[in-house]
């Protein structure tokens, strides 16, 4: 909770508009809801600009449905990541409007195209076809939360002319998400060509010594190109969240 | 080189304004300068919005001076990172205007305060006093290239009320750079409180099992908070470069 | 075996109450029972305050049943960890009173509520819903061996107000077990807020670079908060054992 | 800051004893002091039972002196860890009462022997003579903050009869800190012999494949003995802090 | 695209043979084909001497078939690595001439024996029978692209006389590919015996501390024998590609 | 091949007893047999005192049967490790005398009890019941090749009195194989108690931070006890081979 | 020793030209020389095409001089790597013709330019100025042993136009050695552009998470470009040896 | 202490020859001596066949001298490993007979040549000259404790004929210690050639990816040759201790 709210509550108490007991309750309960096995953070969107989403692994279908019911009641959008099709089939009965993307393994509520939160472009670039599920996790998450997305897939560094052919389009973007496995070198190549910040997503695609994406991760962290930052292995979702924060804050009136 | 330039050259050749020999030379030499042991990338600023800088480790003082001379001739600003004081003393004789920051270990040309490239704020936050040299590398680099910087140091997570006291100020920033060693948890805490994207910089500060910053690095990559991206261990410079790209692209007219 | 027992045996031998042959046998056999593939350590509870339990992985159902029979004969409580439901079904036929907890994957003999070994509170805190099976392993183990447990789940650091809302309750506890995956930062945040020692349990929940819990483990080992100690990844059982030793020794008359 | 304080402030505001402006300031400043490069957490002792201390690495002598001046003014005890003798010589001029322990590399203010915070015993056990500086860091820190300490050094597992000879004395302790490098097996052996919780401190002592203490760290985390928790490599200080929290909370009236 | 091509296009534009628009198109499209989820690099063979192949993992059968159709249209040979038999069965219906090698898990178009690109020999040596699938991936790939292959399997270093017996035959080869798991020492032994360069392929065969081939990989990278270079774990394909480039460039007229 | 043999062949050639062609053949073929996918090292027993065995992983049943046929023809004993029961069922039809041990996963030809190669004792000690399959791999291999084996299982260090009770029996052994997972401390404890050399076998048994046996491996390599050497994780077979070489060489006439 | 030599000796013995005693001596001593602390492998050049060189670390100046004396007597060229200037000063007195290269830290005997072993080109490419000492180790070693070398330094991937400008020259080479630290991506970019095999040399240049060159090493091993093989970190010498074997074998008459 | 001693004490107590008080003292003090910072294990030789030695790192000269005085009084031989020359100079004044070996960095009391504990041979083999200090640590330790040692240095696998030339001599040994850095392959080669057990000692000699000896360590642990066991990196001393236990137990009368 932001200090502005505390000040308002204090003023209300001082002005006699609020008892101190009610004030205590507000301080304690405004911000999250306790449903036994979870504490739902409904005002995260207010605080950080991006809403709470559901990370499915380790949760039972029952738990996911309960969380969705509470989120819907609280007026939050539903987005579930890393979720299997069988869970979607169950949820579909309760939550009519939801859709499922099999490549990205995401359940989401589609958004009206016109309701973009920003007309800045988030470019999602991938090195190979095998990186596509991670790239789509980033692209769909971005779209669900209202961003314009430009996809450019399979332009890995072994054929660098493919990347150069898209340089102009990439220069239009306000953020570029680069998804790459193996040696992850695409992030550096893009970072050296575009004015936008680059969010690099290492993937776990590769032979033995990729060690589940470690090679691409280290490669991206050591990028010699300026303005490259990195998220976790296969974390297309996290890249989208960072990109969304960037395009949203660009819309804020300058302070 | 961007395709726009190629098209212009092609048009000039087609229009007879340019011989194809001269065109070839332009294609080969416009963009960098060959000085034996280095190929200076003078038009990087044009391409990526951020200029080439000199990373000192592994370069002799003689090489650094030669590079500076060529950069100065090309009209580029001088910024040298990870550089010792003795090198500064030698350079000072040749390049009068330069300054040295001992904490950040940076040689730079100071910039006229009014010439800000953006009035967006880059907040630089550190977890402990021991992280200050990395934080200052980020802060000074940002300032040298024209950004407004807000410093908030030593607000690590062991006393979380310190962070909460600065929440409002951090919410003003357009980007927040979080510098932390040990368990690096500050990045997650900040990421959950502010609307701006967070660039996390792990530092090598810590006891044995920090393994030179690996603990903080992994912690930050696994952040449960939205919008946290990560750069290399102790890489305050890299964080500044990403932050600069962000605030600069915010100034661009929407496309 | 403690030296007190040796002295007693020596005195008995000196006083003619015991032949030296019988003394030898006592020295050799008092403390454990040899059942071919296992040596049951029946007097561990006496020595360390916590009884021997059965760690199921790598043992056949047949071996588990044999061990249970000998433990029951020796008057020890049965607690089996990391055990599947199918094993429970088989054991249930032989050992009527036992129960199974599916989340914690524990078989246990329920304990009469009044027979608490201590009225000190062990708080079990988790960062996310996905950490719940490890948290429950800790909570149930603590309860089976006679402790009072307070559960507070899903208060991870991305929404720090959730944790602050429970600060008072956590300050009541005599030990706090913090269960967290991903960046494991909750342990540091709790460590900075409560007077009780904190036992941190890293979990294997997370994206790629959590490396099976390594990220949370290193994060917790590097905690900047005072009084945080760490157990193995996903080792809710081990945390409970340490917490039990703490609350039990608090009950001991001061020496 | 604890919610109790917030309630008190709210009540005072409601009762007209406090203006809301003053209340805001209190909420912001009660708990720490801002001295440019550091935010001193003076009320940590109140909150967690253990005071803030100064971790010297990465801090200049000048910064350390400034911090000490503010801590002394705030009535906090001075304890500085990982600090060289030359710093002590400088500080000695300003802060008369301080002492230096060369083995533990600690600067501290000696405490009146009678003023023990608890008469519970913290046993500090080491495997070899080479582990002594870490063991002394734990022992001295414990003593400075008012605990009774029992030292038992060089009883490593290669001669297990040495450990057995001290079993009785170790059973008297309320907490046992076990300091060991190489294979770190002493923690398991002690954990199987005593009723007290064991805090294991891996040290960086060892041949090549100890990898700076990693071998002992992993060994201790995988301990098969009940009630063993672990702190960072060479972190004698952290072990003492956890032990202190334990003995202090034992003194608290049962709730 | 090579600069020669650019010069030719420039000259054509200058000579009026080509409009600048057509030139732009050529620069953009000559070199790859965009099929939604992939950008096929048809002229890779021209540029690097070795054609593009299909790495199956992470691609659906549908995607593989689409890529094959485009490659066939473009006149490229089909080679698919790490592919299951079920995919072969589906492809077989569309692409009559293809074959499947079960050990190497490769789908390929057989090549007319006489059409060797070089009569230099690529020797493929393996340490054990368990390394054979990787060795066959190297051997078959080499043969499909026109090389002469000599296989020598199961001559690991535990019986060094087996290797010595083949020394003469190995000395005939122009490149030797050494495939070995466990300690991977065979690469060093061969490197010390033959005049040809050795390409070492570590395999993931081994007990626990082989860590999925890491032991053999490090062993080969640290080879004390001259002229040993290394490819990724289990990467028989990569070794073949490097060997092919070597024998092909030997055929080039000296410059 | 040993130099003695070369000299003999040379002498025979010099004496006209042997043509140089026949000599060449002998030098090349005496020592192994080439069966396409394998080179059988029949005289390994002569050279190293221990025969060649078959490591099943990565070999097809067909290949295993072929190798067995050639080994039987050459008069070698059959021992197959890490082999499934289904393979045994197939082999049983061809090779009547063979047996299968399900715990050790070994196929072997039983040996007449009287035909011991040595009456020295190999003790096989395990820390826990879960380590038994590795311990049995060591024990059965030792017995098949003619050694006397003494088994002592489940005497891990958490109850050190169990180990002390067997000290006398362990002191009888000429070699002690210690099999332990988790922290692997048993090797050090045994190493400090017995005169025999200790071969330590780390197992992959343990919670998360055992990292597949790495913790026990490092622990054993860093043993502070004298005379402890280590083999690969879960490599009971390797430990047996080393132990067999030791007891066999003890039987050799002193030189 | 090659089997050809054995046959010749055998024939000589058979023909009475050689006693079997002399034959034995030849077999034992032809190939190396025993000088107490070293066994000099004089005929390595014959066997592998590249001569033995001296790796200085861990050797005393005295030992280096002794080895040089024996190598000179045997007619071998002297090349010493990783050697300090002070050693050169001492050697210079004894071995007049030698030279020292400070960047590469190599002592060598200069070679007559005309005496090239091949007119094939070895291109040595580096990503940054800081990689130059490793690049020079490769270049000088290649030249000393008779190769033509083409240097192209500082064309890292952050400014990819620099690399493209040299594409034509790199296409002339028969082998390309790519030296790069940080993310090591240059190897992949070059591998996708040239027909020659690429030998990648990772360097230890980089920030924290380069982990002493590990990042570049893994990146290069995972290269998505065809024909890239890798040598050890900073091993410019090893790359040169492999390149030399390649160009030498190209000169061999086809077999 | 062994159970035999306990029985004797018990019998003496039963027979009235010993009071139980005296018996208690004997049980507690027979076996080690407490000198404040160390507990000297004087009867280790009795128990394990090898005496306690002093590992110098982390001990002050003062502590080393004190330990030596007590060991001398107790009649134990002095052996100090990893010790600098300056310490030797100080000790020399007090302990006349001691000697110092600069390569092995060992202080020791020379032993009368005739007093061999066994005439079995311990062969110490090294791969390169740079491994000599570790090899000498093994050789000297073995000699000081009474073994016959055969040294064969610099016979690494890159010139395998050097190893073959010594095969006969190595076959004479009862134990072979193989010392090797880089890829450590020599251990496997020797293991496949000799009947004796092989103790492999990885050294930290190597380029970057040896990672301080990790490459050789893993290589040796994964040895495909029978009878190879491994000790810690650079641990020549540990190898000697294991070898000594082997040759000593060979001298024991068969049981």
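Some notes on this structure:
Letters are used for the chains, namely A, B, C, D, E, F, G and H, taken in the order the chains are written, and counting of residues starts over at 1 for each.
Note that a contact is a pair of C-beta atoms (placed from the backbone, for glycine too) under 8 Å apart; a residue touches a chain by one contact, two chains touch by 3 or more.
Computed from a predicted model, the values in this text were never measured in an experiment.
Common neighbours of chain D and chain E, by the contact definition above: A, B, F, H. Legend: contact pairs of G-H compared by residue number with C-H, A-B or A-E; the interface matching in over half of them is A-E. Set against one another, A-E and A-D show the most C-beta pairs in contact at A-E. As a whole-number value, the distance joining the C-alpha centres of chain C and chain E reads 54 Å. The geometric centre of chain E is 25 Å away from that of chain G, both derived from CA atoms. Distance between chain E and chain F, defined via averaged C-alpha coordinates, is recorded as 38 Å. Listed for chain G are residues 3, 44, 128, 158-159, 164, 191-193, 206-207, 209-211, 214, 217, 221-223, 225-226, 232, 238, each touching two or more other chains.
Chain pairs that touch one another are A-B, A-C, A-D, A-E, A-G, B-C, B-D, B-E, B-G, C-D, C-F, C-H, D-F, D-H, E-F, E-G, E-H, F-G, F-H, G-H. The touching residues of chain F, when paired with chain D in their complex, are 127-128, 156-160, 164, 182-185, 188-189, 191-193, 206-207, 209-211, 214-216, 218-226. In the complex of the two chains, the chain E residues touching chain G come out as 2-4, 44, 47-50, 119-121, 164, 167-168, 171-172, 174-175, 191-199, 217, 221-223, 225-233, 238-239, 241-242, 244-246, 248-250, 252, 254-255. On the chain H side of its complex with chain G, the touching residues are 128-133, 153-155, 158-159, 161-162, 165, 205-210. Chain E meets chain A in the complex at residues 1, 28-29, 31-32, 36-39, 41, 44, 55, 57-59, 63, 202, 204, 212-214, 217, 232-235, 238. The touching residues of chain C, when paired with chain H in their complex, are 6-7, 10-11, 13-14, 19-20, 23-24, 27.
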